[in-house]
Amino acid sequence: MSAFRVPRRIRFSDCDPAGIVFYPQYFVMFNGVLEDWVDGPLGIGFADLVSRRRIGLPTVRLEADFRAISRFGDDVVMSLEVERLGGRSLTLALRCESGAGELRMAMRQVVVTTSLETHQAVDVPADLRAAVQSLAG
Amino acid sequence: MSAFRVPRRIRFSDCDPAGIVFYPQYFVMFNGVLEDWVDGPLGIGFADLVSRRRIGLPTVRLEADFRAISRFGDDVVMSLEVERLGGRSLTLALRCESGAGELRMAMRQVVVTTSLETHQAVDVPADLRAAVQSLAG
Amino acid sequence: MSAFRVPRRIRFSDCDPAGIVFYPQYFVMFNGVLEDWVDGPLGIGFADLVSRRRIGLPTVRLEADFRAISRFGDDVVMSLEVERLGGRSLTLALRCESGAGELRMAMRQVVVTTSLETHQAVDVPADLRAAVQSLAG
Amino acid sequence: MSAFRVPRRIRFSDCDPAGIVFYPQYFVMFNGVLEDWVDGPLGIGFADLVSRRRIGLPTVRLEADFRAISRFGDDVVMSLEVERLGGRSLTLALRCESGAGELRMAMRQVVVTTSLETHQAVDVPADLRAAVQSLAG
């Protein structure tokens, strides 16, 4: 699968008094990329998945490396790839790079599919599974 | 060193449409614990360190495990311990537990001391080093 | 009624690249004061109100004046007073002052009590009304 | 001048446990619209203005009315118009509407141009003034 890529400009509200991205904000930005991926290439509808079907995608594990700073106003590219599709989880590889391709931040994130009624893990829904497999070609 | 502990109630603004902590918010909460630790037990003055001395503490690496959900209104305890004091870095072990001691989330975080003029790593300032060593007793 | 007052240190995560409070963050901070007031002096339990009783307190109107900047590390006092208790609404006067009493920001905010099932206004619950009236002495 | 319009999907991270936009997040979203407007139609470069030229645009006054809720997943249109161009300030009219044109939230916001060295008001920079006047045609 090729990576799903989203260009983004670093905003004033992303940055801290040091003038660089406040690191928790990377996770907010990547959460937006995940939404865009589910809405876009997967064609599932993220809000429908959560609000109507009551399926959540909480994070159970992440590892992140911050390699270079991103400053307010920088144009970056956020990307998402599926490393592994499990029975009840997805392992994602996420990257933020400068427009010139310099790696700013990379993370591996494991999300599980859960019932938002019970907050227990459930099988990855069939349509989500099929959509991920279809992208993987 | 015993852990530095901060009780905290999970707020409305910490939570997402699933009614649980939006995971990036854990990092915002832990950043507050780091500030409280530098201000309190270390006696260094976090704002003074950043704003006047122009020393930053950016994160270069983190690993986080999310073990159980925290809901809006939960009373939790956030804790911080130093795992390793390096020449230009600190490795921190951070935990969020329920009042009853159930582990909600744990992370290991490596922060480096940087010049906010150059964003390059610098030696851990002598007073910060001494304060950390003093706590380690 | 005397004002409900909450001291607070301005945190790194409250501030923007100008080193001062990012103005939307004042509203997040005041939302925390509202929670503390409902939990504390009112004795109602904010999370219980929202999560179990499914009563919301959305804002329908606010007016805010920003008089002086608050910097990272400042110790401020946030305060809340009830200006008017309506049938389905409360009008609140909120202020942020420096420790020395300099006004930083003031706002008037009208919140309505709603059903979180329908998002329609409902009467202020009897226990909330009684608690507010009791404080007003 | 016709309004500057930006379509936006309401994200998971914009919403609260009630499943609707957490009201402070409207101000974060509008701050992004202001950035886009300065970067785009005005052609000034918001990050350059702030980071290099050290001119800030802090808010000194705002009035906001919240007329209808926006839910997670809604497609809205954010808009910005200049109501008044003063010597050291701009008065902006900002609106968030559903795709179908239902008003969700409207605000009037007064921002002043300041020196980020002194945090004192300064004249609206000539290029910014000319760009605003040019749009007003």
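For reference, chains read A, B, C and D in written order, and residue numbers begin at 1 within each chain.
The rule we apply is simple: a contact is a pair of C-beta atoms (placed from the backbone, for glycine too) under 8 Å apart; a residue touches a chain by one contact, two chains touch by 3 or more.
Keep in mind that this is a model prediction, so the values were computed, not measured.
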If you take the mean of the Cα atoms for each chain, which one ends up farthest from chain B?
-> D
Can you spot which of B-C, B-D or C-D is a repeat of the A-D interface, where more than half the contact pairs line up?
-> B-C
Per the centroid of Cα atoms for each chain, what is the distance between chain A and chain C, given in Å?
-> 33
Chain-centre distance (mean CA atoms) for chain B and chain C, in whole Å, is 27
Separation of mean Cα positions, chain B and chain A [Å, integer] = 24
Spell out, as numbers or ranges, the residues of chain C touching 2 or more other chains.
-> 12-13, 17-19, 24, 28, 31, 50-51, 72
Chain D partner contacts - residues on chain C that touch it in the complex | 17-18, 20, 23-25, 27-28, 31, 50-51, 56, 58-67, 69, 116, 119
Touching chain C in the complex, chain A uses residues 12-13, 15-19, 22, 24, 72
Given the complex with chain A, which residues does chain D contribute to the contact?
-> 9-13, 19, 28, 31-32, 35, 39, 45-48, 50-51, 71-74
